[in-house]
Amino acid sequence: MSSIINFRRGNAYETLHFPEDAPTHECGIFGMWAPQRDVAQETFFALVALQHRGQESAGIAAAAEDGLHLYRATGLVGDVFTPEIIEHLYGHAAIGHVRYSTTEDRAGDALNAQPLMIRYQHGELALSFNGSIVNAAALRRHLESLGSIFQSSLDCEVFAHLIARSSATILEDALQEAVAQVQGGYAIIFLTADRLIALRDPHGIRPLTLGMLGGHYLVSSESCAFDTLGGSYLREVAPGEMVTISAQGLQSRQGLTPAVPPSLCAFEHIYFARPDSDIEGVNTHFMRKRLGAALVQEAHLEVDVISGVPDSSISAAIGYAEASGVPFEMALIKNRYLGRTFIKPTQEQRELAVKLKLNPVRKLVEGKRVLLVDDSIVRGTTMRYIIHLLREVGATEVHVRITSPPYRYPCYFGIDTSARGDLIASNRSVEEIREAIEADSLYYLDIETITRLMGNEGLSLCLACFNGNYPVSVPGSH
Amino acid sequence: MSSIINFRRGNAYETLHFPEDAPTHECGIFGMWAPQRDVAQETFFALVALQHRGQESAGIAAAAEDGLHLYRATGLVGDVFTPEIIEHLYGHAAIGHVRYSTTEDRAGDALNAQPLMIRYQHGELALSFNGSIVNAAALRRHLESLGSIFQSSLDCEVFAHLIARSSATILEDALQEAVAQVQGGYAIIFLTADRLIALRDPHGIRPLTLGMLGGHYLVSSESCAFDTLGGSYLREVAPGEMVTISAQGLQSRQGLTPAVPPSLCAFEHIYFARPDSDIEGVNTHFMRKRLGAALVQEAHLEVDVISGVPDSSISAAIGYAEASGVPFEMALIKNRYLGRTFIKPTQEQRELAVKLKLNPVRKLVEGKRVLLVDDSIVRGTTMRYIIHLLREVGATEVHVRITSPPYRYPCYFGIDTSARGDLIASNRSVEEIREAIEADSLYYLDIETITRLMGNEGLSLCLACFNGNYPVSVPGSH
Amino acid sequence: MSSIINFRRGNAYETLHFPEDAPTHECGIFGMWAPQRDVAQETFFALVALQHRGQESAGIAAAAEDGLHLYRATGLVGDVFTPEIIEHLYGHAAIGHVRYSTTEDRAGDALNAQPLMIRYQHGELALSFNGSIVNAAALRRHLESLGSIFQSSLDCEVFAHLIARSSATILEDALQEAVAQVQGGYAIIFLTADRLIALRDPHGIRPLTLGMLGGHYLVSSESCAFDTLGGSYLREVAPGEMVTISAQGLQSRQGLTPAVPPSLCAFEHIYFARPDSDIEGVNTHFMRKRLGAALVQEAHLEVDVISGVPDSSISAAIGYAEASGVPFEMALIKNRYLGRTFIKPTQEQRELAVKLKLNPVRKLVEGKRVLLVDDSIVRGTTMRYIIHLLREVGATEVHVRITSPPYRYPCYFGIDTSARGDLIASNRSVEEIREAIEADSLYYLDIETITRLMGNEGLSLCLACFNGNYPVSVPGSH
Amino acid sequence: MSSIINFRRGNAYETLHFPEDAPTHECGIFGMWAPQRDVAQETFFALVALQHRGQESAGIAAAAEDGLHLYRATGLVGDVFTPEIIEHLYGHAAIGHVRYSTTEDRAGDALNAQPLMIRYQHGELALSFNGSIVNAAALRRHLESLGSIFQSSLDCEVFAHLIARSSATILEDALQEAVAQVQGGYAIIFLTADRLIALRDPHGIRPLTLGMLGGHYLVSSESCAFDTLGGSYLREVAPGEMVTISAQGLQSRQGLTPAVPPSLCAFEHIYFARPDSDIEGVNTHFMRKRLGAALVQEAHLEVDVISGVPDSSISAAIGYAEASGVPFEMALIKNRYLGRTFIKPTQEQRELAVKLKLNPVRKLVEGKRVLLVDDSIVRGTTMRYIIHLLREVGATEVHVRITSPPYRYPCYFGIDTSARGDLIASNRSVEEIREAIEADSLYYLDIETITRLMGNEGLSLCLACFNGNYPVSVPGSH
């Protein structure tokens, strides 16, 4: 049992991170209040269902009569927990977390695993957080200047300190004060001995959903966790709503702050969520098929083979194929077992990493015009190499269709896309991007198309990564 | 560093084995002779490419001037090896192995990981084996009665003892004697200080392929490993051929035993191989599409949704969709991150395990007639539960189409399908199977269709699991 | 990498804790400021030398130009650190810590390993602490009521919070404020990027020594660490002194609080320190021999064999033997390899645990009158069983001589001796203790003898565990 | 779970092996047949008692109705076994082993941990071995030429192969054949489903003792294991005797080979055994005291301080002190917690390693004439450095007295003392050794003294390491 802080990283090898040419996932959160059930065991299964939202660390905190019990560690949910650990996490309620680091330093940073747990003047408190607090640094400096000591580099620890310093005696009041000071996009679940509180930022940038299981309440980033447990979807936690679940049932506070228009992160539907999840009541697989179909209307082209980049773009490619009448194909086969495979950090082995993960089916591609559907292009290096691979096995043309607009502006609300300079679209025209990735043609969906298609389903979006209009003003971003 | 032999298993939990309703994978083998290259590093990557053939253990043996060096352990390739271990496995040639246990006892049986390595009167010898020796028990009893001591329960250890007892001074001669005594279906690669020998049983039941990389020879169960390394396909090792690779280049001995008709395992194309591999020169994805298309011709039905059971049946479902004109869909979403997830061995949690792995997209299925394409039904329990899941989310009809004939007879050549009594088709008609899995209709491809479609591509097959005609007579199987 | 908090303990087995019938050890601390040296490597060796002061966890924090780096974990120094970890702990200064839990719950409490490290408004700060703060709970409640969040259950974390809340801009000033509020017995070393500060409580209850190595300053609980590194003893840190070591050399602040008489813990010489260490300039082996010799003067008896209880009482037994003229013997042989040996928590196996650790030499004891010298009797259970063992192998008489007065009052300054009720001497006369342990005779040294012998060497002692006169008033102790 | 074979060792660090200037320990073996008891748990405790005979690996094999179960791993007994493992090792009989490698390559060689277990034509067989077979290489070559495959590099595996190849149907008969072919010095315990067989070589070079516990038989390298379990000493297994313990009680075969004079290894009493053990009925502590006393008679000198080198020479130093009237002292304090401490393999850190382990008490030594008693000098490097350390802290003279004759010839019967060239005495006179270790005087006991003192107790010795007269002729040793 050990902890390492602040280590330099100087290894001659690196673990092969899946080179998705897409924004990296962020976090998944889950909570349940179910005195008659095995809450840790079910939270464990829910986290397995949410694993696509974060593979770096996992944790569960459970509330029992003798206090809160916590276990968290780096690794996949199935590796982190053992039956013995789950048995120790008994109780009447639990919250869980899966995490993909949103910061630079990912080196086994066990201290930044969640749930975060504190003991403060009113007892014990655990929290699971998804998103980002844009004024976290300023709040932290202010709290430190008052003498607070932070135990992690997590944004969400400012919530803990604001609560700990509040003079309010009711937790919900302290939280309401905190929400007024915190700016950002987040969904958060708190657990104390006697209640579970779910909270979503006023803009509703990150999703949070309520479900039911055998008469008990569930809270989850995505509805697929409810399906896994055999539960059912109830409703969304509304932007700016605080929901308390306790022995007294469910209570809600709304309008914690002055009303603002909702701004759900557009990438939840485009890329993050599992296809079988509903986000704000809209099924993700269907929405992706619609985005794919829209590409046919806007920029169809006669080709021989239509393929998605597995796995995230399969839904969109099916939509494109269905709308175009050209059969869907699997031109790229994905290796499902990469795990902790390591490579040397050389250009040669980085290219080999793409091949280890994605191998084209030569007989499908040889002598053919190929149209690739993908959800986004972030740095462009992987896409360029995939196109290279396809040409190597004989593709005569490779066309690229993207189900989102160019990703031009960094996200400050929980998605890890390095600095703006790394974004291939930040200072390039579509034609320049096409040249950079060496495609025969390239087309992105218009912002208007996204807005219209999702708007038809009642979604009001944050599109800041496409247009730079951040729903919350970000310190130092201009 | 530890070893456990013969432990009882009495845990209250079990690790969630992927409940594919299909034969379980078996083994993947690889070898390379490449004095100028980093053979262990490249064998490591090749094993990652072959990981789908076995996830229980992995190992590499390398030949250097100071002898053979070996590392093997239970776990995925990426977990078993570290950069440090790979650096210790230096040399001019290497062989590797990934394994899925073909025996009952899988409990951390590190002694049965491969490559197997021995020191005998003529030096050191390592071997990687895929397949089964049907007279292994009799050979073992005979060898033990002569005073031999076995160190593992691996079939292939009899090869080691036959070689060790041979009076032949040339290894190939000793091997030729051994092949004459051993009956079964296998591909095997031997490594000594000065040569690498690849050998395939006279019936050619298990595949083995030769490739090239920068002027050096490669041997692999499947060609996808060549693609990953940037190498190229050369030819198959012929049934009954022994290929020696050494500083003198490649030499071949054929006709080790009287000629018999080739009998490639039909399931290599139906289920085992990666879609991007060529087996006996035939691409697997294409062959699966053709099997799917054949189902349309033989038993088409008007439905609303066509879906495969991910991942192995996607190719066949695409073929079915293309031939039928009904669009392909992803009605079942697979969780890619199950890893070592554990469940309690209760009926309830076994059903939950299917849900953790496969979740239907309600909006695709609700009120629809669904046609599921799958490659085989072994025990039928998973298929029954998938059908149950689809009905739960509103499917009005669920029809099942299988791209192989009923799996009626146990395999004795390297595929792990428990006893005959566990096979749902062993003593049931197709109609009885349909009732058992609660499908609205069920259709299997005819043996004749398989024989014709694969025969058109020049393949001569082992179909014993469908018709009981074993190419090699199996002691005690009747 | 994982952390567990607050787990219940319900195992059917327990690890065999060395059943010394003596107060358990507490902590060892070390620091060095040596820009030209490999500070982590040398701190590692120093901690190995101090390992007798705590075997539960170990840690090192190093200060380099890019900040403080920390590693700490449960286990022995040699198990916790690897060459790779030590290489990561580069820098110009380092502090280390070995710990024996002073609290009830020892179950893998990695969060309570030290050094403690915080980031606060003025940067990073690490600290290593030995001792106890008697008003820690009150200070903690007060700091929590002001909104502070504690990350551990360590007493010394109040120092961190007092510093973090101080308005002083110079660390030494903030520390001086903290010392004024903190009551207890402690030695503490702080490390920041630009200085190392060593501090001892005004009573000087816990020892702290300054040394030199190649022109650089060292600080250590005991001088044996200096010997190990090839360094030399300089002087004690005085009670109530704060020493700052930095690029500017050594600076001292004395008289941080109004002067009080020094009160070195008497058990440092009686039991804790290594025999080769000097504590307050007095060699421990010599002092123990003198205590043993005093027993001869006060209560000699004609016996056949004189033996100590290994290892801590060997020095005293040598002193007794030398003074009495009866040869010293090793009647009890200690097993040096108990390690993590586990036993069932039954009476039978607890007795077996004593036998695993100490085995009498039958031929030395059979038919003999044995006099056992030991340093203390805490609960008396082990001593009773040792006497039982000696009689079993034929001792005709067993007499016990203790080099300290009866241990009657709990220690609140860093020694872990459960509640007062567990102390065999808390409510028993010497005769009643003799009966309880079934000795033929029992004699304890007088407090006056201890005071006189140690006073002759210039030592002024805390004798609270013998007479209840605590140098610092302890909340709730009366 | 992993195995490494034949790895080069090139690490920049090495684990600090205790730099005893003495022969390294070898192995301890234990067995019990006790249907009503928890045999694995008691064997575990017995191995803890025998841990001083080998710290590199530990293992237990247990015989139950469902076959033999084995667990073995590298590490200390208390680290290797967990309660869970012990529970799996149920049964009516068990054998155990602790091992110190006798070969060059000690790099985590888990394959060479014992007990060794085989499955052969007559079932399962486990064995624990202490000693050496001098014609092992020849026997192995012969067996390999007949086609045998060895799984380890252990000498004792030839026993397994000889048994496996025997035409005898009774195990004792097969063993008797084997004993006739095997030359060396060894004690060995076999376990099968229905019997436990203990065997000692005809010369009786290695010890083996019979004990009783609750009516059941025990076998052990040393009697201290009986004491630990609460059992009692019965008798020695005689040289050349084979004892079978089974449901039929104890049966003995003697005179397996023509009678030869017994030759117990002299170093068992001088160095290996625990002081509380009886070897051939003679207590080791007493024998060592007598050797120490003999030094006084032969070479007394007026000095101020007499000290042993802890721990092995304490008994002898006590004997010297008692005989000379000069009080015994502890001039060197040993660190009890070195564990896996690592050092860089430089001269500087190798010297530091001695200091980490042994620190002189300056005040005992300063200005004094010191006489050090030790049991042997093998390479002399540690002794030279200890003398250096003593002079550094002010010893005016350092005299060395050794309780054995010069160690001139390598041992071929189970003691690991590198090649003859490494032995400081192999080609130096006593005066030259004195110069090399820089002592003021040096005296070794005469061979005659050893022979007389031990002969008085009925012991007939192997003194080959002193005089080169090997009881068994050793191939290639001349």
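Each chain carries a letter (A, B, C and D) given by its place in the written order, and its residues are counted from 1.
Throughout what follows, contacts are C-beta pairs under 8 Å (C-beta built on N, C-alpha and C of every residue); 3 or more make two chains touch, one makes a residue touch a chain.
This one's a predicted model, so the numbers in the text were calculated from it and none came from an experiment.
K.L.:
Note down the smallest number of touching-chain steps it takes to go from chain B to chain D.
P.N.:
1
K.L.:
If I list every residue number at the interface of chain A and chain B, are over half of them used by both copies, so same, or under half, so different?
P.N.:
At the contact between chain A and chain B, which are copies of one sequence, the residues are largely the same (over half shared).
K.L.:
Measuring between Cα centroids, which chain is at the maximum distance from chain A?
P.N.:
That would be chain D.
K.L.:
Based only on mean CA positions, could you tell me how far chain B sits from chain C in angstrom?
P.N.:
Centre-to-centre distance between chain B and chain C: 60 Å.
K.L.:
Between chain C and chain D, what distance separates the C-alpha centroids? Give it in angstrom.
P.N.:
Between these chains, centre-to-centre, one finds 35 Å.
K.L.:
If I count partner chains per residue in chain B, which residues reach a count of at least 2?
P.N.:
none
K.L.:
Every pair of chains that touch: which are they?
P.N.:
According to the stated criterion, the contacting chain pairs are A-B, A-C, B-D, C-D.
K.L.:
What part of chain C is in contact with chain A in the complex they form?
P.N.:
1-8, 66-74, 80, 85, 88, 108, 110, 113, 117-121, 141, 144-151, 160-161, 164-166
K.L.:
Tell me, which parts of chain C touch chain D in their complex?
P.N.:
Residue positions touching the partner: 11-13, 16, 45, 48-49, 51-52, 55, 76-79, 81-83, 224, 227-230, 274-276, 283, 285-286, 311, 314-315, 318, 321-322, 327-330, 333, 335-342, 352, 355-356, 359-364.
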